[in-house]
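Should a chain be cited, it is by its letter among A, B and C, assigned in written order, with residues numbered from 1 in that chain.
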């Protein structure tokens, strides 16, 4: 290994918060050399971004306090130099890109101005900066660079915005690029393209790349070395292959085991009766066709997954068939009756039989209601089970069913972790003994290890209670593990539909193939093989 | 990462949520404000009964008696007015009507405005447009004219004063409530309630009202100060409260002719308005933080300084 | 943009018509001008004469019909008090109020933005606390009281400034200073809050990671984003000033629209009241359009 360009030594950072001091990172040490890619892998709250923020002097103190450690770059300890010295390094020698490029670009200035500012802020002449910006914008693959310079961030797509962020970061040819979850907000096909671009640019400039990610697939695709963080500490480090194949720490092993897309594929049961039948459902907003002629059926105890990238119409489909949006045309037959035309009284009955679990439980649970109130609300609405004692007993039963405990009954949503909150949302859906549950990206906001648990829970409910599921997701691994039938959507239309095995092993449509190819495998060897086959070309 | 804190499952002892009084103690400005407001409130409630006729008893020898002297007893420590009445006693009596008017106005405007705002935010476009245009009309209607109309048609009285001021303040609550409803009704938990089959009234009462209530209360606190100022302005112009009723604003107005000879006649009541309004402003700032679960940590944070 | 102005104009005209009807009929409930304008010992015959002269003897509905007919030719009728066209009287007063409002708002804008932004950048520091206290006191003080205290101190006590009137530029100092205080107190708090929120935004993190210096970070990257809520509040304050600073104009004997309004209301000079309300509505309408344009200029995401 060549000489380290940047070294973090025994870094410990505390956050002083309302509930006491949190040791955000403890004794973290890592280093990165020229031309090398180091991945920092961890789940939410693992402290994976803290050292990067310390390098960039982006930690606000208070609440943050750097307790000990040093960050060595170019013979200097970055924790000891002045604000002004730090400012001169930021962007020039060490640059950073972030997860959400829309939020991280200033909405009120043109992207050209922002990219040029990277150089003018460091005292370079404007015309030189302008020329370099044009070159780089062209290099990262944005069409019509002159025109693009004058446009504003909201006028680009998510992938293009991240490309522009990368162009901005590379303006001064930095030695080190820190990428904090650079592709997490992007669709899989775009993610693959952005990662490829990062790799190319790294090869051209020989810079060091520090990638912060929660995604084993992304790490396997791009990193040379990896450090795994859990609860503020580095639990494992080594080359990507070492860590994947010979993980020593139990946490790492658990993380690798939880990666979706490895289980047995389910086979749909063709003899079950049809519950829901959707016929030529369409919905448009002004002239934009969000959903066009969608037709499919759901049988009892079936798990149907709808996959697609953002803007594919998968959420519109769910919202329209639940009458949260008014359909333009088409029919939705629930046990033979058209849900879209039925009276309010009939609809109330159906609202009991179909439940929904939303993406973000933080938002789908009313923060001012206790767990008991949340779960019992359905009974109030449908005037069921009047006895309070009986209700409490049933709520406790439901909590236990989803893996929570009786003591949780009087707490409020903010006192739970993300995974626990989603379990509450599932318990709420189960309270009305539904026959169909629609999950709209119900696990995508959760950490991988929690994701696996929630998927297992849903599957056991399907098997034990015979509940059907419509499972809307963008993550193919999760879909592969959970669904027995898959619908692939693109631009408001159903592209392909079939049993899971068929979609994953013998896809017919080019779009399905592209989607599958872009899905990154957590196994670095599998990824290397795919790359060798030129599957991204 | 801060994320760890919100994610961390907490112990049962924290289920009740933070104690309001201890959070109040942590913001010293807000704490002092509450003490001052309570003091004003208590003296306004029981003061006039205790004082008897001290506030109305004229004494021509004590006309424009200068302040800061105990020569004529503590009631005259703040001086005497143009008819020789105790300034302090009159301030306390005026406090009662000042507070009664402000409280009545805020309560009436808040209830009416919030209900209209909920309707405007939740109902269809037509109802909403009509309500909003009416609010526009009220907003552009000169409050001076409303005051004069009510004064001449209904006669001068404290309830009529409340009516005048409440009309002008309704749009504030209406607009705030409507804007909040429009935002809250798009939130996921409202959508979740709709999917479960909840009726409109249930969604408004159970899901929307509890979420917008803190904002409305915070605004009401601030508005209390504003209404006090508005009332005093009208009284000052002679189209508000009429003697023998008395408010702080009217006292300033009555003291104005004696500015160069007896400054205290106009100074004390004005100062009372400033102190009360300032306290309400500080309390409102504190409420805004204390009632917001995402900001509340600012008031709890100091507990851990010693850790 | 044109479409937006059109929509606004339609909504405003609707409100204005309702307002006009309300004012016309409500104001006539407040008493008989004849009693107020003629000497106390005027005979019933004189009053009758006065009413006939000014058309006040006819049924109210008929008066309204004539009023509307005149209005079609932009004739707002005559001022009873001044015996001149009401519109002329109102515009004359506006010529005083407009510069007063503009100077005050310009000062408020500059002071509030600079002080509020700096306070937000170092939250909780000494400067922040100082600005907060000053702004809160400013927002809490009744303007008539400040005016009175200022007169006692600067005019009567020190003799530096005139108590009232409008002869020289010096006459403007006290009215502007008194008018400045409350809008400043309110706006500076909004600037501070809005800048605090904007400073938390992710793009500020990007700018710091780029190595942008503190001053451009505040006044270039953050301020333009933080200005949007500030403009709304400043608009409200400016609208209040355009309505006329009744109190301050009365106390300082400043012949603006606020003083004209209260005098006309108290003396039942109905034509002037109506003309003043309509001219004010037009001024506020123009200001709202300007605010919309400012929004569009500040934020490229807003396209009308």
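Basically, a residue touches a chain if its C-beta (ideal position, glycine included) is under 8 Å from a C-beta of that chain, and two chains touch if they have at least 3 such contacts.
What you are looking at is a predicted structure, and each value in this text was computed from that prediction instead of being measured.
*Asks:* Would you mind checking which chain's C-alpha centre is most distant from the centre of chain A?
*Replies:* With centres defined by C-alpha atoms, farthest from chain A sits C.
*Asks:* Looking only at C-beta pairs that count as contacts, which pair of chains has more of them, A-C or A-B?
*Replies:* Per the contact counts, A-B leads.
*Asks:* Using mean C-alpha positions as chain centres, tell me how far chain B is from chain C in Å, no decimals.
*Replies:* Each chain's C-alpha centroid was found; their separation is 23 Å.
*Asks:* Any idea how many Å lie between the Cα centroids of chain A and chain C?
*Replies:* Distance between chain centres: 50 Å.
*Asks:* If you average the CA atoms of chain A and of chain B, how far apart do the two points sit, in angstrom?
*Replies:* A distance of 46 Å separates the two centres.
*Asks:* Could you say which residues in chain B touch two or more other chains, in rising order?
*Replies:* As it turns out, chain B has no residue touching two or more other chains.
*Asks:* Going by the contact rule at the top, pick out the chain C residues touching chain A in the complex.
*Replies:* 201-203, 205-213, 216, 221, 224-225, 298-301
*Asks:* Can you name the residues of chain B that touch chain C in the complex?
*Replies:* 133, 136-137, 140-142, 144-145, 148-149, 151-153, 225, 229, 232-233, 236-237, 239, 249, 252-253, 256, 259-260, 263, 266-267, 270-271, 273-274, 277-278, 280-282, 285
*Asks:* Please name which positions on chain A make contact with chain C in the complex.
*Replies:* 56-58, 87-92, 95-96, 98, 100, 103-110, 117-118, 121-122, 152, 154, 165, 168
*Asks:* Under the stated contact criterion, what part of chain C meets chain B in this complex?
*Replies:* So the residues of chain C in touch with chain B come to 11-12, 14-16, 18-19, 22-23, 26-27, 29-31, 136-137, 139-145, 148-149, 151-152, 156, 243, 246-247, 250, 261-262, 265-266, 273, 277, 280-281, 284.
*Asks:* Within the complex, which stretch of chain B touches chain A?
*Replies:* The touching residues are 1-10, 12, 14-15, 17, 187-189, 191-199, 202, 206-207, 210-211, 293, 296-297, 300-301, 303-305, 307.
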